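What follows is subunit A paired twice: with subunit B in the first complex and subunit C in the second.
Coming up: the complex of A and B.
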């Protein structure tokens, strides 16, 4: 029986090529100033899952969290060849990684038998690279970090490869297991995760994504998070004539005094 | 990550704001039918845009472009009768197949996406920006499959189109022969001998009805492909000579068609150019006998010319991006060279020319779509009207985009200075790759000869008249429009004068006349675009500032032209 692989797919702020003002005067995020994108490391995790599917045959299920902002990451997973997608709901505004993990673990459990849970290592949002660890704790499964490739996959175990200083480490673990996928997956050509498949995109563009509601017993928050914005620092600038020694000296004095 | 669709703001503007999708889709789709995947034109357009972003733009920028250097360096090899592709090309083809893009315009009932030509044109531009040679697989597929879909028997369609949609089969078109290049009507009467005769001839077995063809074809792009469309002489030259004796055939790759050699070329090293030898090779007739050149080759050429225009534009876009990036980071005399007035002017002209060429190409592509749509619907009047426009505009668009792309690559290399001459920079490859675009699928000179009689006949007068009659509420645009109208009057007087001249004079002055026409046409289009996007105001203004002097110069060259060779 082929493996079932769940992959976490997160939508994160796109912090590349930032231009213009993204923060308002109070230091908060200006609505609409930032776009979102498919978390690039989760995309790597999806790519690894789809490579396993190509090589061994597997059922790949993408698992998302919360309502989409701009990018429909779960549908994007379907376009690339994932077999199904589910999203976990719940009030997530104030939740931390542990609470996210609890909700996601609930969604993974709802899928029935799952052999592997893949997740990107670090994400630009609220990043503490601990989601995989929290998921493993919630599910009671072993976890391997910084996985670059799957060396061997059997019915009941997996050997994962990861790069370490001066070489590679091969970690064997029984299934089910959580694997946090590193960034070295795409070192060989192709250097980018696979794109969408055109026919699948036509077929799946209206696919319903089932939601997994929060379980009856709400997960207790393990941490309370309060956010406080740091107001942007005002910087005064001045230009002095580089030929004018007195002016230069005065500027240096002022700077040193300020320090 | 880079994306060759979203990063190319001009292309995205044309696709998302200029192209009249509802008009195209009204002819090409039956909204509400179970076969149609969209509820209406907005949803269809959104899908086209999404597809161009991912997979097309994504795959081009992040998978194909990084391999372009390797494909060019290694190139295709020929060994023991087999054409061997570089690994990077095999990976590119696999990516295109995996992304399910090989059947972009093939009807849905044969497993294709059935997208309009205009989407395909954009996709070809994007893929060519990444690797021009790959376009000869991706961009050739459409024209060949569409020809089969349009004219072949249902049996042939069922047999070949599904496998072309998946990319399992790639296509080639075998038209050129050693003595029949631009002049296809000279395709040979019969094979001279079985060992190495030139020319190609088709014979039908009187009992079985099976056709066989024999002879040599040359310069066949992807001649090692699986489905080869062959133009061959099938009629007795005594009864039906010239083009009327030629028919169109389909040949599936088999031991009786052999690749004899592949060419060693200046550019597009990732595209094998084969010499094919057909040895009594079984073939299937497409459509009616004797219509091979006039109907099917002409039809295939319309699609192929658009595709080559898009290929050229893709290369130009790559060259422009390379020049802009280089001029930003290269410092001389203590500042980036883009700040030097001459370099700044070259960069602005390259961008302007690319955007003018893009305006013309996509306007033409839209008309080709309208023509195809009208033909499928059986609308006689519209088919005739759009057909006339498409037949006149397609060679002009091919000529203009490919010549502009050559110019842009030339200038981009110049901006790179000595570095541009070295293989370390991609412009060296782009400069070599672009050179074929104004030669194959009809040289610029052939395109001009094709277009000139149509201009003289007035086939584009209504189209230009409508553009000239537009009114602009914006004062700046209205003033620019007046300037274009002055040039338009010059154009009309040149055409009127040319009507009195003989054919050889018209052909000789063709380059100048077509330049006058196409630059005015581009100016009209850029003005329309300027109503929609502020950036285009500056582009249109720059273009139109030099339009008057250029039109006056070309008019004077036409008036003073003389047929002479000046050989000592």
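Coming up: the complex of A and C.
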């Protein structure tokens, strides 16, 4: 029987290259100052799941949280080859990572047998903790973090390659398990993660995405008290023409002073 | 904050020096009346624990056990829980490493504690333990606090606190592990982990290579520049993964955080995972063919050009 793989798909703030004021006077995020995107490591996790599906056959189910804001990440999963999607609901405004995990774990349990749960390792700017670990605790499953490849997949176990500070470790864990996927997985592959397919867009555009309501509203353990603006790092960048020897010399003289 | 607990980290028998910064943060958090307890789990912990006996540390515990040789979550979690059983704490601090972030989050989930990973500082808000992180492209500091009556687990990034100087008077005690090290579902079947032979943190000048060096030939130029400047050689994860450089020279999120006087980035595009490791360098020179490479936003000198052309010119100017 092929594996069932659940993949968490989060819609997160796109915090690359932010310009201008992000916070309003009350310390809230200024409407319109930020766009959202598909969490890039969750997208890697999806790609990893789809590669397992391509190689061995698997049922891939995307699991989301809350209503879409700007990007319909669950539908994006369906357009890339996920077989189904479900979304967990609940009051998300004040929730912390532990509360997110409780809701997502409820949605994962609603799927019946799941062998692998894949999720990005990175902690989005607004989150307080590593979602994978809280999911593992909710589900009572083992977890491996910073996975950037699957070395071996059997019916009842997986060997994952885990990136650590000075190299790699190969960790075997029984299934079901949570694997937290890092960003390194696909960096060397310009074709990945795969784009949406036009045919799947037509097929999945109206696909039903069931919601799994929260059974309880756990009080958050970690409370965000405020956001403060950090003064910008004032870096003055001088462009040096590589053809201009005098400019290069002046740069070296200045840079090496005191070094 | 009366009681602060630090889980120090051992990497292949070597104490991770972020552990000492955690002790510095713990002392500040505990204040004059509080206590700081430090635990070092891992094989060889007893031999490596001496530096943890810093001024203001009340107790140093070591959990030296062969079953803790390679990190997997469950046995480490069991040891930390056993140590905490008789020593409840309002705050628990760990280094923000691949071990610390995994163990810290697992510990928070197990204890029903608040958790802030990758924190840039810890303190108190209205008497409750708090931690903050700078995010949103380094534009926003978010402050979190533990809910009423909950402890806080925080993992601290490099630079979150000063390591304490001098040694203290605490005795180093072995933690009794009877039954605490549980069976683990996970098993490390193989490790491909390098020994650390260079310490980039102390380097005054670093010449760093990215994927743009293209291969060993480009890297040779970088090496010559480093030699001419008396600099250490560093690189991105891509360069290390390609096998062009040893892992202890990696700079960035899963490598070293460096603050040299001069950082020369060669062929580095500047993904945030790399930039977080070098942002605090005093002067940054970046050489890249792509005029829009993100590295230029962190650079004081921007040279748009091919490093194979630019570096020989620099070598000539340096008389090398």
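By our rule, the second predicted complex is superposed on the first by the 201 of 259 C-alpha atoms of A that agree within 3 Å, B and C clash if a C-alpha of one lies under 4 Å from a C-alpha of the other, contacts with A are read in each partner's own complex, and residues count from 1 in each chain.
The rule is simple: contacts are C-beta pairs under 8 Å (C-beta built on N, C-alpha and C of every residue); 3 or more make two chains touch, one makes a residue touch a chain.
Since the model is a prediction, treat every value here as computed from it, not as a measurement.
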Task: Of subunit B and subunit C, the chain that contacts the larger number of subunit A residues - done: C
Open item on the list: Just checking: does A:35 make contact with subunit B only, subunit C only, both, or neither of them? Give me first, second, both or neither.
Closed with: neither
Open item on the list: Touch test for A:196: subunit B only (first), subunit C only (second), both, or neither?
Closed with: first
Open item on the list: For A:205 in the superposed arrangement: first (subunit B), second (subunit C), both or neither?
Closed with: first
Open item on the list: Going by the contact definition given at the top, which residues of subunit A touch subunit B in one complex and subunit C in the other?
Closed with: none
Task: Residues of subunit A that touch subunit B when the two form their complex - done: 40, 76, 79, 189-192, 194-202, 205
TODO: Under the touch definition given earlier, write down the residues of subunit A that touch subunit C in their complex.
DONE: 13, 15-18, 22-23, 96-98, 101, 123, 125-126, 128-130, 132-134, 136-138, 142-146, 159, 162-174, 183-184, 187-188, 219-230, 232-233, 235-240, 242, 245, 248-249, 251-252, 254-256, 258-259
Task: subunit A contact footprint on subunit C (complex, rising order) - done: 11, 70-74, 97-99, 101-102, 105-106, 108-110, 112-118, 125, 130, 134-147, 150, 152, 185-196, 204-205, 229, 237-238, 241, 247-248, 254-255, 260-262, 272-273, 279, 282-285, 287, 294, 296-305, 309-310, 313-314, 317-318
Task: Contacting residues of subunit B [partner subunit A, same complex] - done: 1, 37, 47, 50-51, 54-55, 58-59, 62-63, 66-67, 88, 91, 95, 98-101, 104, 113
